[in-house]
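Paired with subunit B in one complex and with subunit C in the other, subunit A is shared by the two complexes that follow.
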Partner chain A sequence: MENIISIKDVTYTYPDSEAPAINNLSLDIHSNEWLSIVGKNGSGKSTLTKLIDGLIECDSGTIEIAGQIIDEENIWEAREKIGIVFQNPDHQFVGATVEDDVAFGLENQGVPRNKMIKEVDQALQMVDMQSYKTRDPQSLSGGQKQRVAIAGVLATKPQIIIMDESTSMLDPNGRKTVLDLIKRLRKEQEITIISITHDIEETQLSERIVVLNDGRVVEDSDPKAIYDLGPELTNFGLEEPFSSQVANSLRDTVELPEGYLNEEELVKSIWKSSSNM
Partner chain B sequence: MEIIFKHVTHAYEANNPLAALGLDDVSVDIKDKKFTAIIGKTGSGKSTLVRHINALLKPTSGTIMVGDREINAETNNKNLKSLRKNVGMVFQFPESQLFEDTVEKDIMFGPMNFGVSEEDAKTAAHDMIKLVGLDEKYLSKSPFDLSGGQMRRVAIAGVLATHPETIILDEPTAGLDPVGRKEIMDLFKNLQTEGRTIILITHNMDDVANYADEVVVMHDGKKIAEGTPMEVFNNQKLLTDDMLTLPQSAIFAQKLSQKYFNFDQLPITISDLSTEIKRQINGD
Partner chain C sequence: MNKLILGRYLPGDSLLYRLDPRGKFLITFYFIGIVFLANNVASYGFLLLFVLFAVYLSKINLGFFLRGLRPMFWLILFTVVLQMFFTPSQHPLWSFGILTLSKEGLVISAYIFVRFVLIIFVSTLLTLTTTPIEISDSIESILKPLKAIKFPVTQVALMLSIALRFVPLLIDETTKIMDAQRARGVDFGEGGLIKRIKSFVPILIPLFVSSFSIAYDLAIAMESRGYKDGEGRSKYRVLSWSTRDTVAAIVMLLITVILLFIRSY
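On to the complex of A and B.
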């Protein structure tokens, strides 16, 4: 599998801090995978994002993006390959209208006006927000704002999208529309998704989960294997998936298969157990 | 303190007859020393409602009684200090309101603003930092060197330091990791057990099921339902009209009831769900 990002032995300590925020961390991120990075507040998730985007520089180690080790010289070039959608939808708008806002990133890249108009339209279409293009972004719901933010990112045609807790402030409906959008984008185009999240349920959609703790990778596996960690997940600030909590509360009375069961599997197992009675 | 809304209407632009109503004839009774959750979709009027309790917003018509204090359209902006001392408010992302150069000064700001001596404010800072689950060594740090979750705790400590009787929380745990979220929610539940009134705005229906005594459901600026979490999550009309998302346990029970199982009342917590599944399997 080709790597779009390759992080090797990276350490970073914030000025005035004693402990490193990222501690000798190595991680390969494959082209076109959906990777979840989870871990408690302060585990190093945000620092890692800043390092990948070149907002801060590693104390030691290297980060390679699309085949090139990033340094001061080429960081702007590398950054064009990455789009970030942040947590708070209210903190990422600069334009007076939705279309101005989506155009902002393209303007920064010096795209000519007629080309820009076309690409803004295209990006808004991809997130299904074209009918809102003349609206004031502040008048939108949280989920709509995040879709516009994603359009702004898509317009610049990145190879990697980092979702930095981008659904954590949304209501359940808003969250669903954003996640459905990501699922659809992955079908329609080649794109690597790195999703930084606390929400264990959300990680079910991804192909691989990396757990960070104290600036290190402590687990790296597919979702089922991570969920099998069970109550140990709370050591990393995470919650056991809902279906595991229900299963655990039933095991003393109801016969269930070993290991992690998703909700659907758990419902079927309970039915099976109940029809045998 | 009991908080009573009587026919409260709030027009955002009072002079514009076409302006949308932030609140539309809301009457609701928020009980003393209870944990009340306010739920509803984005834009339903939840935040507008609670901002009337400490007179950050004033009604266009109607009255709000906070204890024996009345707030109405004519309420003067002066003399609100005693009201605001009694009603503490933790906004969304409260860490954005931190501004002092040490955590200690930041927590002390509230009490001193309400006339508490420096010495007492300092004592409050030491008490509160521990209450929110941080070590006292953080008091000398700059709030801006802390992680997001730690900043959130400092901001909450600042609100608690004035010892408000009523605490209003607007999505206080958004962005916290699940373990941190549970700690903060347990803290608020403890404050309630100690005799405070807690009002929580949230989208997290599992928190409503696990922590709240009472629920108020808002939609389009109107109060459309109230009751215990069990009553509200079993309100068929709200469910049919898609006015409500259910806690995970209730959704799970709905799935189970496609075969073999039958729930008169949807269970709303994992322990209720599990008890009910076992009861039905054992077929009493």
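On to the complex of A and C.
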């Protein structure tokens, strides 16, 4: 599979700290995959996002985006390929109205106005917010604001979308609408999603999980293998999936296969074991 | 608190809403200027009629305009009373020490009162029918010539629009901090003036700190969306000057001519 982002031996230390936030980290991210990056607070997740987008510069190592090593010269080009949705919906809403905010990225690229109008409409349609076009941010819920933020990112047609804990400040309903939207986008177009998250449900949707600890990659595999780690997950700032928790408490009384089971598999196994009795 | 600052714009639709905000902005200031040309009953009456007609055109309830007078009530009262009793006159109706009440004084104070009403009504008309962002756009457009002397007009306009955008957020933030401090036992309503002012320190400092963190987040978000320095950007919102705006400007000129005529009549 082709790599869209290739991080090689990157180290970064914040100016006012001694320990590196990212420590000799290498990671390849494939085109069109949905990757989750998890880890405790301070494990370097958000620093990694900023490095990828060139918002901070790595001390050593290289980051390659879509075949090009980023440096000061081409950083703005690279940024056009990446869209980031941040954590706090209020702190990333630039425009006075929904449509103004979606247009912000296009304005920055100097897109002509008549093209911009079309693209703003399209982007709002994709996130199902076109009826809120002229509303001001104060009248929207958190989930709606994040959807507008996603529309703003989609309008510039990036190849990569980074969700930097974008669902962590939302209520369950808002979180669901945002995750459903990402799922749908993945079906409709070719796009790489990087979720930086604590949310187990979000990781379940992704194809690959990378666990960071102290600025290093400590685990890198598909969700099932990660969930197989069981209680160890809490060390990475993740909860065990609900189905694992149920399975673990049932294991004493019910015979269940080893390892992680998703909800469906769990239900099936329980059915089988009861019929054995 | 929300109402105080942002309750000014009243969503609606009428001729005055559809006028170009730049035109409205300039006309409002122009009108405030020509109010001072009025010098007799007829000219004040004429301007008052004009403003009432504009209020009628806006299709906004007169009550909103009267409410606009309320915060200025003491200033108006003070000025009017001052004019009423301190206008020197040959034929006082009543006098006591330095206080004199005369026909001239009464007339002048009535003029002053009408002048206040006119100015407050037209500026309320502007803010009720124009969104803050339209006002900020008009300021950008009006200041555009300053680009020639390297004044960063577009950046200032973006700053202004972001400031407007974040007012409600900062108000929310203030309410949150006040609640948090109340929960810790701070009492904002009690004590003398000094004590009350002091009790605002525990609001201002956290508010200051959180504004900085919001600014930092926003700067990162803007940069990630490709904001460089305001140059080479295209504009999504455009203002368009149409025939009705030209008509409005001509009407203002006619008003001035009529006013000059009545004045010297």
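In this text, the second predicted complex is superposed on the first by the 277 of 277 C-alpha atoms of A that agree within 3 Å, B and C clash if a C-alpha of one lies under 4 Å from a C-alpha of the other, contacts with A are read in each partner's own complex, and residues count from 1 in each chain.
Please note the rule applied: a residue touches a chain if its C-beta (ideal position, glycine included) is under 8 Å from a C-beta of that chain, and two chains touch if they have at least 3 such contacts.
Note that the coordinates shown come from a computational prediction; the quantities given were computed from them, not determined experimentally.
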item	value
Superposition on subunit A - do subunit B and subunit C clash or fit	clash
Subunit B versus subunit C as contact partner of A:N74, first or second or both or neither	neither
Partner chain(s) touched by A:D53 [first = subunit B, second = subunit C, both, neither]	second
Touched partner set for A:L250, first subunit B, second subunit C, both or neither	first
Subunit B versus subunit C as contact partner of A:D171, first or second or both or neither	first
Touching partner for A:G42 - first (subunit B), second (subunit C), both, neither	first
Partner chain in contact with A:I270 - subunit B first, subunit C second, else both or neither	first
Partner chain in contact with A:T234 - subunit B first, subunit C second, else both or neither	first
First, second, both or neither for A:N88, with subunit B first and subunit C second	both
Clash with subunit C (superposed arrangement) - responsible stretch of subunit B out of 3-11, 21-29, 57-65 or 75-83	75-83
Touching both subunit C and subunit B, counted on subunit A across the two superposed complexes	88
Interfacial residue positions of subunit A with respect to subunit B in the complex	14, 16-17, 39-42, 46, 87-88, 141-143, 165, 168-174, 198, 200, 234, 237-239, 242-243, 245-246, 249-250, 253-254, 263, 267, 270-271, 273-275, 277
Subunit C - residues contacting subunit A, complex	131-133, 161-162, 164-165, 168-169, 214, 217-218, 220-228, 232-238
Complex contacts: residues of subunit A adjacent to subunit C	50, 53, 55, 76, 79-80, 82-84, 86, 88, 90-97, 99-100, 103-113, 116-117, 120, 137-138, 152-153, 156
Touch list for subunit B against partner subunit A, complex	41-43, 92-93, 145, 147-150, 171, 174-180, 203, 205, 245, 248-249, 252, 255-256, 259-261, 270-271, 273-274, 277-278, 280-283
